[in-house]
Structures are given as C-alpha cells and as structure tokens.
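Chain naming follows the written order as A, B and C, and within any one chain the residues start at number 1.
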Amino acid sequence: MSTKGDILLRSLVKRYGEVVAVDGIDLEVPPGEFFTMLGPSGCGKTTTLRLIAGFERPDEGEILLDGVDMSRTPPHKRNVNTVFQSYALFPHKTVEDNVGFGLRYKKVSKAEAARRVGEAMELVRLSGLGHRKPGQLSGGQQQRVALARALVLEPPVLLLDEPLGALDARLRVDLQVELKRIQETLGITFIYVTHDQDEALTMSDRVAVMRDGHIEQCGPPQELYEEPRTAFVANFLGASNLVPVSVARNGGPGANLTLGAFTLQADECPDELQGEALAMIRPERVRLEAHGATGENRMPGMVEEVVYLGFHQDVRVRLATGALVRADVPNDGDAVEYAQGDAVSVHLPPRYLRVLAGDASATDSDPTAAEAEPA
Amino acid sequence: MSDTTLLERGIGAAPDRRPRRRFQLRDPWGHPRGLALVTWIYILWSLVPVLLAIRFAFNQGRSRSAAQGWSLRWFTQDPNLSVLHDPTLSSALQQSLTLAFFAMLIATPLGVGLALGLQRWRGPGSGTANVTTLLPLVTPELVFAVGLFLLFTTAFKTIGLGTTAQIIGHVTFSLSFVVVIVRGRLATIGSDVEEAAADLGAPPWDVVRRVLVPLLLPAIAASLLIVFALSIDDFVVSQYLASGADTTTVPMRIYAQARAAPTPALNALATIMLTITLLALGLAYLVFKFMTRGEGGGSAIGGLAGIEAGIDAGGSR
Amino acid sequence: MTRSLIWRVLAAPALVWLALFFLVATYAIVSVGMGNVTTLFEPVPHWNPLDWNVGYLKQALSDVAPGGQTWPVVVRTIAYVFVAMALSLVIGYPVAYYAARYAGRSRGIVLLLLVLPFWISYIMRMFAWTNLLAPDGYASKVLDALGIDTLMNKLGVMDGSDWLGGQPVTVVLALVYGYLPFFILPLYASLDRLDHRLIEASRDLGASPMQSFWRVVLPLSKSGILAGLVLIALPMFGDYFTQDLMSGSPDTSMIGNTINGYVQGGSEKSLGAALTLLLSIFLLVFMLGYLRSMRAEQREAAAA
C-alpha cells in the first residue's frame, strides 16, 4: 500500500458572506483509506471537498498533502484529482482524449501516454470505446470515463463528489462494488462525498457524518451505526427510536433511565450525561413479547400501526408513557403476526440501549427530510 | 345550446348542425381561432409589405408602387440606373459590407474575451464592468450616436468622421450583444468542465484554449452573424458618423431617396441586402448545427436561446 | 492570483474599448451640453466639471417646459409613444400568447415568421410602406376603397387623403409596425417559460379559462410585458427616421427630430447635446429598471 496520499485538514473555515459553509474542520485521512464524508445537503461536505481540490480558497486553516500545505496552491498544481457529480466530461473531445487530457501536463512521452490511457480504460472496463464522444455513452459509462480520466494521472488522493448520484439504483450498487475494487487495487486515498448512507456504509473504511459545517462524528461505519454519539448521527445513519428519559447514574458504567413510571437499565452511559437525555435503540433490536411478559426493561404497549415491508414488518407500538417505539420484526415465517390494537410487551435489552445527549425536541426531527437530494 | 333556444330558432333552422358548431367554438380543448386569426393577420401585415417591395424590385417599368412585369433591369441591366451601374448604389452596398466585415472581425474577439472575463472575474471592479457591458444594450440609439458624433468631432478629432468612426461605432454597440450570447452559452456549459480541466493540471490559459474556446465555437458563430446583421441594418450610427457620399451605407441611401421618387433600383438594392443577411443567417444556422451535432439537443437549443437572449436584451438596433 | 488575473486580461481590451467609445462618448454629450461655442458656432466641450456652463441646459429646459418652443413636440412625442405602446400591447400580446401556447405543430414556422422582421433592416421595412402608401400605392387604394381614410379624418387623426402627407395616424402606426417585433419576442420568451401546469392547476381549482388567464397567466407575464414595453419605448423616444420617412412634416415631428435637427443640422450642436442629456435623464429610469430585471433573470438562469 502506498505511503503517499496523507491528507490533513487543520481548522479549515470557509464562509460565503454570512453563511459559514465549513466551520473549523480538523481531520486526518491516512494513505490508502477509503474515507467518506456523509451528510444532508448544505452540511459542508462538498465545500470541504472543493477546498481540498482547490476550487475554493479557505478563509482560515491549512490543507496538508503529505505534510505540505497546499491551501494556496491553484487546482492545476495540486496533486489530487476529482470525479465530478456531473462527470464534467469535455463534450468536444473523444473518450480517449478526455482520459488523456491531463497527461499533457505530466511530461510523459506519446507512447507512454497512450499506454497509460489504455491501462486506465481497461481498469474501468471501457476498452474499445475510446473513439466515441461522451454524448454517445450511457450514464454509467460516462461515470467510468470520469474515473479513468482522474486515475490515469495516478494521484495519491482521489476526490469523488457524489459520483453515483445521477445513476439509477441498480447501477449504483454495481458501481459501488467496482469503486471499492479499484480503490483496493490501486491502494490510493479516496475521499468520497455522498448523502447516501448505504454508499457510505458499503464502501468506506471510515465515515465522517457532517452537519452545519462541522464533523458530528467520525469513525468506521460499524462504530457509527452501533455507537452513535448524537441523535443526529443516530437518525442519519439508519433508523432509530429516540425516547426522552431522565438519567440517574448507578455507580457503574451504566445508568437508570426513568421514563414515566418505568425505569430502564442501560449497560453503558457516557459519564457526562445527567438529567434530561435521550434513550436510543435501533428498531431491529426492539423485541416484542406477549402481553403480560414481565422482567427487566419491559414495558406494556399497544400496536398502533403495522407496515408490511416484505422481508420485515415495521410495527409501531405506543407505550403506556405515550412514547412511540418502532420495532422491526423479521418476516422469517415463525414470527407472530401483529395487528392494530394488539396489546404487547416491549422489551428494550439493556445492552442495546444507548444514552445520547438531547431532549424531546430531537425526537421530532424527521430523518427522511435530512436525506433530501442536494440541489 | 339549450332546448329553449332551439325552439325559439324553429325546427327548420338546421338544428343539428348549428349546435355542433357552437359547441366547437366553446370547446375548451379546441384551438383558439380568434388568437390564431390575430396572429396570422399580424404575420401577414408584418411581412407582405416587404415582399411587395421585393416584388417591385423586379419591375420592368419605373413604378415602385405597382407591379409592372418582370425583369432584372434594376439589378444589373439598366446601363445607368441599376444597382450595378449606378455608383451611388453600388458604393453604398460596398460600404455596408465593409463596415459589417470589420465590425464582425473586431467585435467578436473583443466580446468573447469580455464574456469570459466577466463570467469568472469576481471582486472589485467586476460590478462596474458588468454594468458598463449592459448599458449599451439599453442606451437609445440616438443618444449613442450623438455621443459618438460629438466625441469624434471634439476629443478624437484625429480619428474624425468617416469609415473608421463608423466601424468603431458598430463595434461598440455590437460588443454587448456578443457578450450576452457568449455568456448564455457559458452558462449552459457550466463551470464544471473548467474546474475539471484545472483539476487535471491545465493552467488557466490552457483551460480557455483547450476547453472553453472549442465549446464556445457555436456561440462565436452566432456572434459573428449577429454583429454582421446589426451592422448591416444600422442606420443612425452610420449616418451620424458618415463623412460624405463615399461613406453612405445602404440604409442611409434608402433613407435619403425613399421619398424622392427614385426608381425600383432602390428596391433592388434593399433586396440584395436582405438576401445577403438571410444567406448569412442560413449559413450560421448550418454551422451552428454542425458544431453542436455531438452534444444532443439541449446545447443546440441553449445556443439558440443565447441568440434569442441577445435579441431580447438588445431590442431594436 | 493567476486565476483572477487571466480573466481580467481577457476582459481588458473590450473594457478599454467600451470606456473610450461608450463612456467617454456619453460624457462628451455632457461636456458639449455644458460647454461653449466658438464664434463659428463650433462646440467647445468643457471636460472639467468645474468649468461647466449651464446656459444651454437652462435653455433646453425652458424649451421643453410648458410654454417653451419645444413643449408641443414633447407632448406629441409622449402621446405618440404611449399610443404606440398601447397598440403594441393589444396586438402583440395575443400573438405572443398564441405562439407560446397554441401554435402546436406550426410553432416552428410561426416563430420563424415572427423573428424574420429582426433580420430585415428597419429602414427597409419603413421603405416598403412608402411604396405602398404613396398616393397610387396598393395600400392607399385598399384603404380608400374601405373608407378607412374617411374614418380617420372623422376621428381627427388624419387630414386629407395622402397617407404620407404628415398624418399622425401614419406615424403612430409606422412606429407600431417598426417596433412591434421587439415587443413580441421577449414577451413570447416569458410566456413560453410559464409553467403550463400552473394553468392546469388553476383550472383544476375551479377557474374558468378567462379567470385563469386573468389570475394566473397575466400576473406571471407582467415582467415580460414590462420588459417588452421598455424595450420598444426606449428607441421610440429617440426615433427621428420613422417620422422623416412616413411624414416629414413639422406637424408630426418628435423629440428625436428636434435633437437630430440641432446636432446634424449645424449651428446648435450644444443645445442639441443639452437636449440629448435631458432625454437620457428622462429615459434613465426605464433603462435602469430594465437592466435590473435583466440581471435578476441572469442570476436566475445562473442559479438554475
């Protein structure tokens, strides 16, 4: 694996008039990592990428590539390349000329350039289409040309701005696999921007969830999903139940959470949390048991709505305290069928309950709104 | 139509045909015939007089207000009075074409440069530059011409009136049209390809040379055409900056003789001018289509919209 | 730095050109209007604002004020232009509306025919009418046969039967004929941009075709109408050649003729410059308004 391609951002700030698009980002991406910036539109992820590429000039902070600050270097002298959301292929040049465009500035011989163009085309499986114009290619093919055009320059870091955003769902899945394969083959750093959580989870070594110009949480996909630190991250990555509770420490790593007349146990709770907080649990970790089942972390409730989703059912249960809890019930053939109005007992296992900072207002946020396509 | 009216009209009044017609007139999905009628009458009104003027150019007799046979007498055949043989007419034609040629050659590169510059140039001065570019589009021609006339008779006396002044005048008012057309095209190209080129290592001059100028070729063709047409059609600026008989253009010649009972040679002159303009228009259209052939329909429409925007913006020069 | 430098370098030649031949030329009007004359009545511009002489401006102002010698021309000009604008709206709106919404399969040809006048010299289009409106011209004969000139005489906008003999009606209709294409095209563009689904939505919500026109189409095309009207008003206020070709009589002369007479006529260039200055100030309101709407549109287009 290459030792070049280390990106370091230090207190990076970019403002547009009154609006702070990037609000003091500190970040290190080691060589060869597939790093994803994930967030809703307007969170600053694309601006951050454009700052690294050099299309925007930062107001404050530094951008270091392999230890050298390049925040004042114009884009054509930066050793990073970009794959654009719109592909930005040159419509007047053939596919080959598009791919070979940057080699002119690399001091390579004609023969060498032709060889590298051929290799890049092969890498993205486009051999044979070199003489076409971009307008004669499908969306997926154009995407591959954009990729080849950037990769042919062998940059230590490749920046990808929602590269799959314009493709249909099936093609996206195929290309996700392909992108991951190419990244692993070449071993170069990928910095990938998306608003699609599936893309982020599938391909990334690490993901940074961004919000309002800063990084909300950064870590491997599994860590973000299993241990979100904020309600925003919990909501943006996957579905989650967020129930307002009041926290009382129990002396150990865990806490007692009071919810109306009930008390729940959580195995873990961050030290700083006291009083008002949110209990978070993923719907697939909620267990529904027969009415009357008692024991630790069990509460009575009534089924309010059942949404049939094929491979699972989304059962929405109104707890006695008034809170609504969604439970994912797998459609494995043995599961109990639930119907509206059924009384059930809701089991929230202590090891799956996480306690997050925040109050009741955070539970109103609609995660689907945050996923809206950026303009 | 209700039953009562049917009864009132009497059974004999072809009841089954009339209601159907009424129904069609009121058909909310039908064609608005009133509007269509107004439109086609307007189109006839706007073009038939010109067609008749062209018709009279081919007259055998001397009348410019009635058709009198067919001939090419007023174009080439009359030994003294035809466009070919009357020096006042042929020199006007030559002057018009000279002005249009130089205006085209100067205004297009200047305008393309300005459009590229304005599109990306941010910061102090860019606002003023923008307004300065747009102002000539809305300045009434008379004001424009008076200004240039006074300029060339006072401060720039060394240039003075005449062909040079006329070319300068034509370039000055055409420049802004070129800018509007090219910027329209730049907007459809978007900044992505520019950034992509820079990202791949192209220094700024190369971005312009290797990416922007090739992509702007259709707009450049459209600009050449527009400048040509604006210059050919111009009357006021040409007239104010003329210095004598040999700087008279076709519109000036027509203006001077229109009411002076001349011969259909004047019609012939106007017809030749119109033919040249329309040929240039057709040629530019073909070039435009050829250059945007690989890009799908969107960009061709975008480029044409640029021309339309130019006309929109500039009004009636 | 190179990034911003190159754009300036590209823009520079044209900006220098515009500064010299547009800004300085415009300033020449001010300098001559505020200047003096030699004993041979040649204007001497005063480029330095400190030396300005307001004599000619004062004279021009008193000329165009009520009671001044140019006052009737001013009133006539405004009347002609406003009547011509009103007629343009009445004729042009249905045409643009039809072309944008209903032309259907014939849309291409309708548009082509609407655009065609742009490519025909204005002077030639006027010249065509001088052929037709001459006493023995086809149009004169038809209008006479239809009794139109009798009607116009009764309405008081025509005197006698010579259409080219100083008739207000001829001048106004010629202005409409000359400038109407420049009104129709921007209006067409704005009507064409209008989202057809809005009309359907208004119909769906219970508006009749007429109500939907009044409450949806018309308000949404307001900016197109205004842009078109300004676009034709500006050149009409400075027009002198239409009047010259279609009438030539002092009884129908417009402010453009007055200025043209002063500036090209000879000895009163300074007064002509002062009048041009007053006209420009009067038209500035229209010009700036139009520029603002244009730039707003550009920004919208850039954002889209």
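The rule is short, and it goes like this: a residue touches a chain if its C-beta (ideal position, glycine included) is under 8 Å from a C-beta of that chain, and two chains touch if they have at least 3 such contacts.
These numbers come from a predicted model, not from an experiment.
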Chain pair with the most C-beta contacts: B-C
Chain nearest the overall C-alpha centroid of the shown protein atoms: B
Chain whose mean Cα position lies farthest from subunit C: A
Centroid spacing, where centroids are CA-atom means, of subunit B and subunit C in whole angstrom: 16
Centre-to-centre distance between subunit C and subunit A (centres being mean Cα positions), rounded to whole Å: 58
Inter-chain centre distance, subunit A versus subunit B - centres from mean C-alpha coordinates, in Å: 53
Sequence positions of subunit C contacting 2 or more other chains: 2-3
Multi-chain contact sites of subunit A, meaning residues that touch two or more partners: 74
Set of subunit B residues in contact with two or more other chains: 203-204
Contact set on subunit A toward subunit B in their complex: 53-55, 74-78, 80-82, 84, 86, 88-92, 101-102, 104-106, 133, 135-136, 149-150, 153
In the complex, subunit B residues that touch subunit C: 28, 31-32, 34-36, 38-39, 42-43, 45-47, 49-50, 52-53, 56, 63-66, 110-111, 113-114, 116-123, 129-136, 138-144, 146-151, 153-155, 168-169, 171-172, 175, 179, 183-184, 187, 203-205, 208, 229, 232-233, 235-236, 239-240, 250-251, 254-255, 258-259, 266-267, 270, 273-274, 277-278, 281, 308, 311-313, 315-316
Residue ranges of subunit C in contact with subunit B within the complex: 2-4, 6-15, 17-19, 21-29, 31-32, 43-45, 47, 91, 94-95, 97-99, 102-104, 110, 113-132, 134, 136-139, 164, 177-182, 185-186, 189, 209, 227, 231-232, 234-235, 237-241, 244-245, 248, 256, 259-260, 263-264, 269, 272-273, 276, 279-280, 283, 286-287, 290-291, 294-295, 298, 301-302
Subunit B residues within the subunit A interface of the complex: 190, 192-193, 195-204, 206-207, 210-211, 214-215, 294-296, 299
